[in-house]
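What follows is a set of structures for review.
Below are two complexes that have subunit A in common, paired first with subunit B and then with subunit C.
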Partner chain A sequence: MMDVGRHPRINLQTYSEIDDISGYIGNFHVTVRKKARYVDESECNACGECEKVCPVVAPDEFQEGFSSRKAIYMPFPQAVPSVYILNNDNCLGHNPIACGKCAEVCEKSCIDFDMEDQLVEVDVGAIIVATGMDVYDPTEMDEYGYTRYENVITSMEFERLISAGGPTEGHFMRPTDREVPKRIGFIQCVGSRTKNGRGNPYCSNICCMNTVKDSLLLMDHYPGTEIKVFYIDIRAFGKGFEDLYQRSKQAGVQYIRGVPGEVFEDPKTKNITLTVEDTSSGAIEDHEFDMVVLATGVIPRRDSEIVRKLLSLSRTEDGFFMESHPKLKPVDAPTGGVYFAGCVESPKDVKDSVTQASAAAARSEILLNAGEISVEAITSDLIVDNCTGCGICVRVCPFNAITGGDAKAKIPVEIVEAACKGCGTCAAECNFDAILMKHFEDAQIMAQVDSILDQDPMEKIVVFACNWCSYAGADLAGLSRMQYPSSQRVIRTMCSGRVDSSFILHAFEQGAPIVLVSGCHFADCHYIDANRWTVKRVEKLWDDLEKMGIRPERLQLEWISAAEGQKWTKTMKELEEMRQAVTEEEVEQTKKVLREARLKVEAKKKAKEPKEGAAEQAPAAATA
Partner chain B sequence: MADNDLRVGVFVCECGSNIAGSVDCDAVTEYAATLPDVACAVKNKYTCSEPGQQEIKKHIKEHNLNRVVVASCTPRMHEPTFRQCVADAGLNPYLMEMANIREHCSWAHLSDRDGATTKAKDIVKVSVARARLLQPRIESELPVLKDVLVIGGGVAGIQTSLDLADAGYQVHLVEKEASIGGIMAALDKTYPTMDCSI
Partner chain C sequence: MEEAPFKCLRCGHEFKAPYDKKIPMERACPKCNSNSVPRMKAAPKRAEA
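Showing the complex of A and B:
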């Protein structure tokens, strides 16, 4: 920590938040809000005189509320920077009648009650998100009595009570009578691996080993303490972990396989009794303790939503931020130039956090050191004249690469090419042909559809496959020599989000009996969640087709991953059966209906155009 | 560019017997030659091999080709290879199109030679239709700023900041609280070494 404070190349901004981030990989513009701490950071020498005279007493957050602090205080003794902070909510104010005592005694005049938030702008090439995690609050698990029974504490509170720097200077005592507890119970998985809607279904990774550590600390400080740990599984999977677990057992800590259903306090002794089924023996047992520690789990930071939105990141099901690839790119965010370090991505202990932090540093250095990046050539391009500024593309872009647009003011959108990853969802969603998706242009894809269907259309199935998953799944099927009928013709797009409704309707109008749109499973999409727009589009098409009397089943949607050669094969066989069931009359009818519908729309468009032209010409004629 | 200016070269790969085993590559090559704007259609044993690539380069020069279709394996495998190949011959790499007649055709229809051959012809035809409309594309280079932002000053933010700063980069470390340290700073000891957290 000290090294950070004195490093010449680290500009440390504490008590600061990110207000805004714009730009893209290699070129981010960041606005940092440096909140007013009412103490001049560069002048304060931590003499502590202010604290002595401050009359306000407030709970000390760092000590989990076990002790108090003043309204002007040092967050904790080893804080970096070693500078006081004035909590404006606690402070009585600088009106001399009210208080202002701290300012009077401060020899260096560091205290400025009128200090305001400052906005600091920085330009950076890369961003490391290391926003960490929060600890689960077990109050909602009422059966464990946390906050109802004083002698039930959390593992974070335990840390402060055993710490030499804590409120009791390391003398471990129970809150009710300040006696050293002789019998201590630990309940594992509090808020983790739950299925009842409270807490979280995932394993928090650190709590088993943390309890093992706690038990050893207790045995070290107070030999002979009776310690029982109630657990579902002890997960001691890391280097040196099993050793530590065995040491704890050898030191006399009892591990009992089973999690208590409820705990009760004896109103007189304030002791805690719990009932548990020891699942290794099947026996129902009562255990009485002087104190119970809840091994609370880890949750995504409650305030991480701000950073998530600013950087267009997504979350995995557990609420932690989603990495680019769970195995091969665990440190990269899906947004270019953004990397993860620590618990923001998943619960981690210190060692894993440090490991990922160094990995994030190295990954970002690849970018920073290169000095320049080549921008994807397959990006979207705005056809300004067609853009009405409706902004639908702004909404669908998973990478915030499109900004602006105002339909009323007729201001077109802007595309930031460097931020565009080329999924093509914008081009598919645009109703005005205002976006050209380079290398996957409408005309190119339409030419493929035409070419597939210009001979024997009844014999063919038109398949749209996304590059990363479904196309690769078809590759795997071939590689594995899985055999299926030869009727399908594949059109590759980068993402299923590129598949414009007009491509599908055109295919049906050209006589396609069956059309398949295939892409990545949700959460696997290489463009964050662009395939959610695919679903919306296909669902709308199903409705439209039905209204026009066309069987919606003829348009199929499948998620096929790069690993699912088998699913590809199975799908192709099923589609072939469907194709054979489509009759020529049905196709002819479809062609007719779609042609009529298209002509109607075109006629409407045409009817509009001359009107506008006439309106323009009219005044000119009048002047003539 | 007007359509009549297009000169497409089609290179059909046998991939040893991987493609030729179930697709009649001669028939595909002959068929390719009949497609619109196709200036030459050539069959290779292994198009990705050095001689195969030389053949492409030679024909680009000889026929002044401005579009290339390589009918071979999946673009996920050799697209970079053939893009580089046509670029070496002076053609924009985005004017090369691959027709996947191996993974999606010959290997998937091993015992259906007629079906596979018909499908391979179709795949080549569709690729030529697409290739005719391809446009040159440029991958532009953008400068990268050397500074880096670290959001969060817990143990991970501290470590990554120190690593980057030690490597010579200017780091801006932004921490929400009044001190760095995060949750780690509130821990007494940490496992497995049982030493102090700060």
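Showing the complex of A and C:
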């Protein structure tokens, strides 16, 4: 931190938040809100006189509430810059009649009660998101008695109690009587790997090794301490971790396979008793401890939704940010020029966080040093003459690659090709055919539909499959030699978001008995949230089809991942059964209804065209 | 979150699931696991004579 703070080419903005981010890869414009700390950063020399006279006492967040701080305080001993901060909510000094003592004693007159937040504008080429994680609060797991029993603490609280910089200066003691505990129990997977609605289903990655480290620390500081660890399974998979685990066992730490079901406190001694089934022996056992430590899991930061919206990111089901590709681009965000470091992407330990941070720094350097970027030739192009500036495309673009547009002033939108990833959602949503998707043009896709249904349309199922998941799922089914009916004909699009309603209606009009739209699962969408627009479009089509007397069942929607070859096979078998149930009369009726509807729309359009033409000719006629 | 009725377009199964117009969610039929599950809209009330 000190090195970073002193580095001549690093501008460290502490106690700040991001208000807004605009722009795109290589050209981001960031608005930083530098929050008022009410202490002049350039003048404060951290003498601490203000803290001494401050009459307000509040729990110290850094020490997990085990000690107190004042309203004006140093956030933590290693804070950079090493200057004081005044907590606005705690301070009485905003009414100087009530207090203002800190300002009186400050020789350098650093304290300014009138200080206000400042907005700082910064232009950057790349952004690394390293906003970290939060720790799971085990209060809801009532069976462990956290907050009910004082001697039940979390692993974070344990860290503060055993830290030399902690409230007890590293003298480990239990909260009730301040005695050194002789028997300590650790409960693993608190808030992790649960499926009962409390906690999270994922493994938090760090808790096992953290407990192993804590147990060795205790054995080192207090030899002879009786330590028992209750676990589901110990995950010691990193370099040197198994060795550390074995050392812990050799040091006398007992590992019992089973997670306690109940925790009781003896009201007199304040000792904690755990009831647990040792799954190795099947025996139900009671274990009494002076203190119990809950190895709590990690969760995504509670305010990560703000960051997600600012940078147009997407999150996986567990709430952590999704990378561009789990194997090939594990530090890149789907939004170009944005990279991840640390637990913002998934729970990870210090070593993995540093590794990812180094990779993110290197990835940014590659981008910045190149000076220019190459984009794939599948981006969208604007047909300016058709654009009315309505702005629908601006709203649906997951990458904020389309800007501007004013329908009233008839100003067309602008497409930033560098930011466009080619999902095609804009083209599918545009009502005026003003966007052309290179290599996935309307005419090209329509031609594929025509070609499929040119002969024996009743025998075909038209499938629109996204490139990344469903198409790959079909590929997997084929490679795995899974058997399924051969009636399906696949049209590949980069994203299911590209599937225009007109493609589907055209397929039905050409005699398709069944049409399937298939894409990535919600959390896996390679274009952040483009497949949400697919759902909206298909849902609207289901309604429209029903209104026109066409069975909505004939339009199917399915989320199939690249690993779900079996789901692809199952879907195709089911759709084949549905296809066989569609009669020729039904298809003919559909063709007729859709043809009539299309002709109506075309006639309306034609009726409009001469009017516009007449309007254009009018001034010319007047001049003549 | 409020629950709304859904109908599977694959197997016809009707079920209730959490629904919020503003939050798109991935849904699957609990019976056949199909994702073709539109929300069932209430039929418009007939005006009383």
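By definition in this document, the second predicted complex is superposed on the first by the 436 of 624 C-alpha atoms of A that agree within 3 Å, B and C clash if a C-alpha of one lies under 4 Å from a C-alpha of the other, contacts with A are read in each partner's own complex, and residues count from 1 in each chain.
Throughout what follows, a residue touches a chain if its C-beta (ideal position, glycine included) is under 8 Å from a C-beta of that chain, and two chains touch if they have at least 3 such contacts.
The structure presented is a predicted model; accordingly, all values stated were derived computationally and were not measured.
**Student:** Once the shared chain is lined up, is A:V462 touching subunit B (first), subunit C (second), both, or neither of them?
**Tutor:** After superposition on chain A, A:V462 lies in contact with neither partner.
**Student:** Quick check on the superposed pair: does A:Q483 touch subunit B, subunit C, both, or neither? Answer first, second, both or neither.
**Tutor:** The answer is first: A:Q483 touches subunit B but not subunit C.
**Student:** If we overlay the two complexes on their shared chain A, which of subunit B and subunit C does A:W542 touch? Say first, second, both or neither.
**Tutor:** second
**Student:** Could you tell me if A:T14 is touching subunit B, subunit C, both of them or neither one (first, second, both, neither)?
**Tutor:** Only subunit B is touched by A:T14; subunit C is not.
**Student:** Between subunit B (first) and subunit C (second), which, if any, makes contact with A:A530: first, second, both or neither?
**Tutor:** neither
**Student:** Return first, second, both or neither, reflecting whether A:L557 touches subunit B, subunit C, both chains, or no partner chain.
**Tutor:** second
**Student:** Give one of first, second, both or neither to describe whether A:A419 is in contact with subunit B, with subunit C, with both, or with none.
**Tutor:** Neither: A:A419 stays clear of subunit B and subunit C.
**Student:** According to the contact criterion defined above, which of subunit B and subunit C contacts more residues of subunit A?
**Tutor:** Partner with more touched residues of subunit A: B.
**Student:** Go through the superposed model and pick first if A:H521 touches only subunit B, second if only subunit C, both, or neither.
**Tutor:** After superposing on A, A:H521 lies in contact with subunit C but is clear of subunit B.
**Student:** Which residues would you name on subunit A as touching subunit B in one complex and subunit C in the other?
**Tutor:** Subunit A residues touching both partners: none found.
**Student:** In the complex of these two chains, what residues of subunit A are touching subunit B?
**Tutor:** Residues of subunit A touching subunit B: 1, 3-5, 7-18, 25-28, 30, 32, 37, 62, 64, 75-76, 78-81, 83, 85, 122-133, 135, 156, 159-160, 162-166, 209-210, 212-213, 216-217, 238-241, 243-244, 303, 307, 341-344, 348-350, 353-354, 356-358, 360-362, 364-365, 367-368, 370-378, 417-418, 438-439, 441, 443-445, 447-448, 450-452, 460, 467, 471-472, 474-475, 477-479, 481-486, 489-492.
**Student:** Touching subunit A in the complex: which residues of subunit B?
**Tutor:** Touching subunit A: residues 74-76, 94, 100, 102-112, 115-116, 118-119, 122-123, 125-126, 128-130, 132-135, 137-165, 167-194, 197-198 of subunit B.
**Student:** Using the touch definition up top, name the residues of subunit C that touch subunit A in the complex.
**Tutor:** Residues of subunit C touching subunit A: 9-10, 24-26, 32-36, 38-39.
**Student:** Touching subunit C in the complex: which residues of subunit A?
**Tutor:** Residues 521-523, 529, 532, 535-536, 539, 542-543, 552-553, 555-559, 567, 571, 574, 578.
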